[in-house]
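Once you scroll down, you'll see the structures, which are given as structure tokens.
Shared between the two complexes below is subunit A, which pairs with subunit B and subunit C, respectively.
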Partner chain A sequence: MFKHLFKLIWNKKKQNFLLMSEMFFSFLVLFAVFTLLVFYYQNYKKPMGFDYKDVWVVSYNNSLKTKNTDSVNAYYQTMRKNITAMPEVNDISFCSDNIPFSSNHWTEGVTYKKVETDGVNWFTVDANYKNTLNVKLLEGRWFEKSDVVSKYKPVLINSDLKEKLFGAEPGTGKILDRGDKGKDKVKVIGVIQSLKLGGDYAKPAIALYNLADTGSYHWLGKIMIKVSPTKANAAFEARLYKLLANYMKDSNVEIEHMVNKRTEVNYFTLVPMIVLLTVGGFLVINVALGLFGVLWYNINKRRGEIGLRRAVGATGSSVSNQLITESMILATLSLIIGTFFAIQFPLLNVFDMPAGIYLTAILLSIIFIYLLVFLCSLYPGKQAAAIYPAVALHEE
Partner chain B sequence: MIRLQNIEKVYRTDTIETLALNSVTLDVAKGEFLSIMGPSGCGKSTLLNIMGLLDAPSRGMIQIADKKTDNLSDKQLAQFRNKTLGFIFQSYHLINDLQVLDNVELPLLYRDTTAKERRMLATEALEKVGLSNRIKHFPTQLSGGQRQRVAIARAIVGKPDIILADEPTGNLDSAMGNEIMDILINLNRNEGTTIVMVTHDENMAHKTHRLVRLFDGSQVQ
Partner chain C sequence: MLKNYFKIAIAVLRRRKFFTFISLFGISFTLTILLVLTAFIDKVVGDSYPDRKRDRSLYISRMTEVMQQDGTSSGPVSFYFLDHFVGSLKIPAALAISSGFSGTNTYVNNKKIAVSYKYTNAAYWDVMEYDFIEGKAFNKQQIDNADKVAVISEDMKNQYFGDIPSVVGKYIEADNVKYRVTGVVKNVPITSYMLFSDIYLPYTVAKTDFRKDKGYRGGFFGVLLAKSTGDVSRMQSEFNAMVRRLPMESKDYKKIYCHADPYIVSYVDTGDEKRSGVMLVLSIIGIFTLLVMLLPTLNLVNINITRIMERSSEIGVRKAFGASSRTLVYQFIVENIILTLLGGFIGVILSIIALHFLNSLNLIPNLVLSINFTVLAIGLLVCLIFGLLSGVYPAWRMSKLNVVTALKSQ
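This part shows the complex of A and B:
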């Protein structure tokens, strides 16, 4: 029977072309939607890598006039002491502007064994960064005071960069070149768990953390403050603001809560996803209605054939099954073509996404199209089964 | 071979009730070639559809090949039609998207047969109707007479005991009609196939063993 149906479909290829095109394009759109959904879901499942609750972010513009490093250092150390002295503060960390959930990025390349890896996120952080964000150390150690005088500049890398550079080998102790010049060497002293800097749905980026030295305070612009969840309130926020504003008289000070920043960054990720899902949803409804209409039309056009098949020995259910199978064969042919195009994405490593995401998206799109075609052909198939052979043959 | 007793067929709509067949009783013997005649709308095709189990009577009993068909399920009816009955229609009812051979194979698809057997039986049937040189053609590439011969090949491919032909020469000119009639007569004579044929053509009807006339749903001869 399959061979018979293939012949029938092949001989009607012109009529079936439109239906197959519709299925093919639906598959491609669904593939795009599912790729995004699977990508977001896989990212969502991954741990955040740090505690953002009860962390406040102070942004300031570094307006200190003096160029004297010791003075700058003393200025910020005094400020650190003043803030830490507040009972509501558990920890504070000075760091570069590219804090989690911000839109600031600083990327550079690193070279290991003459292979350069681009797009590494560089963070300049002080020694308190780990405790302020409760970052998980996976291997090696965090920064120590003695690191300031070490031969190579000590750095920590995240687990994603470690995997990319060294695979299964430990990262600790490895020497990397900053950029590709080979002049500025850094030594990996530890590996931390990757942080989802772009929010719940973002992929953790490859990252490298270097210790802020006394010279860094010239340009650092963020302070992250871990506050006590029970003591920190609006009154404390007002006092903190007053303290900072009085201390940094020529600076614009802004205090934000990292929880709010996370909501904001998630919103920016979710909005395009919701728009795409809505567009995709409407498209699927259109395709479903189109399929339903075409199948319905086909059945009405083929009433004579249905009547004949009933006359020569087909049961109502076999007629219905035949029409459903025909639709499924058409879907299979469209999906084969669609999969050929979709499979190029993991093969050519388009958008640098893991192959698993594309393959899962292909699988989900195939299942979805089959389900859609099955459901859309179910009712017309049932209607075809109900056609009375004598009536259908008489109409012809 | 076919026994119809007090067959009545009423078509009902919300407002109208039409009596298509009124107490028709008919026996068709094994190997008989029977023709049914009558004016348009007298119930000839309805009677043939009822004999072919394509339609159910409102009242009455049908017995075909010693089997009562009243209580057969959809599946049993389909199997019975497939094995016992062959159909020929005025408008051929060929599937234009299938080649001649595939059209002839159609009844065998609903039987437990292999592709090889189907091909062999279909080729054999096409040889009987003189169309073995047209197996790769599509119906649209054939003349009316050739199409009807394909339809006959399809009707006989499963070697049924009974062939029901609804105006098989209705769409053909007299020469082609005679050709088709000769094939049916040969089938009846050589294979012993029982044939019931609805026709408007007196000449064709007189070539058969017996003629039954219907008028307003009742048997008049």
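This part shows the complex of A and C:
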């Protein structure tokens, strides 16, 4: 039967070629849309890794005239005490300006067993970071006061970096080289759950956390403040602002809310997504209407043939099955070509995405195209089944 | 002749309403997408408020320094670099210097207002032509005296002062400092990132003194203005010569790249010396347009070809009476263009509705999209290309029909 259908398709190859190319391009468009959707969905499913609610961010710049490390330290310790003393503040942490949901990045390479891994996000944080953001510790321990004077500089890494460097082995206790020179050695003391720094839909980046030492206060630029959800209000924010601005007279001060920053950063992924979905949706509707029209028209043209089949004993359902199978074969042919191109993405590792995402997207697009073609040929097929042999043959 | 074609086209369109609907749907939606896209591009890169003298301006947005070990670091330039090196050029008539905008807060009656502020020099206000709703810009005298004065945007005025007629002379507090308002300007959307701000301040009132920092890189943008459009290329070569002579900042560096480019080039700058931003943006737009147009075109071709048989008797009769293939192709192309223009008309109406909807969403504050003549002209052009693309092949196939088969199949 299939052989016969192939023959029918081959007889009208010119017209079928156009239909097939339409299905082929729709497949490619769907593949692109599904790849992004699957990618975002997989990221969305992962836990955020920290609490952003009730966390405020203060941006400032160190504008102290003195270069003396001790006086800089004393200055910021006093400020820390003043802020912590406010009853609305639960926790406070000084850190480098690559905080979650910001567009600042500090990346460096680390070397483990002579293999260099590039693009590791490098964070400098103080010991309060874990409690302020409620970061989850997976193994090992968080920084302690005594860490400042240990032989190797202690660092924590996130689970994604651990996976990349050590696979299933525990990360705690391993020694890493900062950069590729082998001069600056650091020791992993723990692994934390990855933070989704770029918002709900972003992939957690590989990251390494190191403890702010006394020299860091020269250049740290952010303070994260965990406020009490019940006591902190707008009046408190104004008060906090005055306190900071009066204390750091020569600095620019800005207070932002983590919740708003998250909305903003999500917006940058969502808006292109919505645009893409609208355009993709429109293309699919367009293609569906076109397919439907062409199939419908073809059946009207093949009334004679169908009438003859009915006259020699074919049932209505076998006629409609034939038409549906014909379009499904067409779809299969274009999907084979489409998959050939789409499969190159995981094979060549384009855009550095896990192969699973591409494969899921290919599978989803295939199902979608089949469904579309099936639905579009259902009604024309039903119409064909309703053709009376007498009427159809009479027309000839 | 054309009138006849037009009549035939309308008759054909009315014969099969479902197919006409599919064709028009495809054409009009494709056009709507492309029109919204062009309206957006036109607004973001083509709108010349407030820098109306773009044709004789060059923008300096970034400097890249190559280190001895081939690492590079790159970012906006410093005030010192602009003032000391770029300021010494002979050809430019003026040099506008402004910092990138940064954020701070101000509190009015315990209500927080997020404020973007930016520092400028006096020439900035000569080079840029902001529309002043009231008052005027601060002048060189006020800058030299480090007067605490500010030009604010209309949005800022409404947020901070509320709906009152005049605010010139009143004080606005930002970053814990009070500034006297000298003027209010029409809003600039944030997409013009080199010019956007809520509050514009003299560079001398900044809390850190920019002039003391002798590094080349900082947070500043520069705009060079030439006396005439003819001077622009000379100005650019003078700038490039100056960059070539520039001493290295320290021993760590071996090469400095810095460009003074026309607006579009600097706007889409990728931050990478080897990859041109213009090419990147053009290829992204090109691929997108191709995909958006390709599928509906294929669809239209498909439908047109399917319907050949419907008109075979007409073609047969015309051929039998001596019409050449060329005349037939001509007729079908005209028919197709009429169909596309009809779709284009619907597309324009849909675009107006879509743009109205997008504007009401207010996704980017102060970015008001509109259909203008450029966009309409592009839309018309796209229509014609679309009509030709989807019309030529079916027409050619139709004209190749044999007279005998064409007449017989009926």
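FYI, the second predicted complex is superposed on the first by the 393 of 396 C-alpha atoms of A that agree within 3 Å, B and C clash if a C-alpha of one lies under 4 Å from a C-alpha of the other, contacts with A are read in each partner's own complex, and residues count from 1 in each chain.
As a convention for this text, a residue touches a chain if its C-beta (ideal position, glycine included) is under 8 Å from a C-beta of that chain, and two chains touch if they have at least 3 such contacts.
Bear in mind the structure is a predicted one, so any value in this text is a computation, not a measurement.
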Worksheet item: What is the contact status of A:262 with respect to subunit B (first) and subunit C (second): first, second, both, or neither?
Response: neither
Worksheet item: With the two structures laid over each other on chain A, which partner does A:178 touch: subunit B (first), subunit C (second), both, or neither?
Response: neither
Discussion item. Just checking: does A:21 make contact with subunit B only, subunit C only, both, or neither of them? Give me first, second, both or neither.
Written reply: second
Item to complete: Considering only the touch criterion stated at the top, classify A:162 as touching first (subunit B), second (subunit C), both, or neither.
Response: neither
Worksheet item: So, does A:7 touch the first partner subunit B, the second partner subunit C, both, or neither?
Response: first
Item to complete: Have a look at where A:254 lands relative to subunit B and subunit C in the superposition and call it first, second, both or neither.
Response: second
Worksheet item: Does subunit C touch more residues of subunit A than subunit B does, or is it the other way round?
Response: C
Worksheet entry | List of subunit A residues in touch with subunit B within their complex | 1, 3-4, 7-8, 11-12, 304-305, 307-318, 388-390, 393-394, 396
Item to complete: In the complex, go through subunit A and note every residue touching subunit C.
Response: 15, 18-19, 21-22, 25-26, 29, 59, 61, 63, 234-235, 237-238, 241-242, 245-246, 249-256, 271, 279, 282-283, 285-287, 289-290, 293-294, 297-298, 301
Worksheet item: Can you list the subunit C residues touching subunit A in their complex?
Response: 18-19, 22, 25-26, 29-30, 33, 102-105, 107, 110-112, 114, 175-176, 207-208, 291-292, 294-296, 298-303, 305-307, 309, 363
Worksheet item: Hey, which residues of subunit B end up touching subunit A in the complex?
Response: 45-46, 49, 52, 54-55, 74-75, 78-79, 81-83, 87, 89, 91, 93, 95, 97-99, 102, 105-107, 109-111, 115, 138, 154
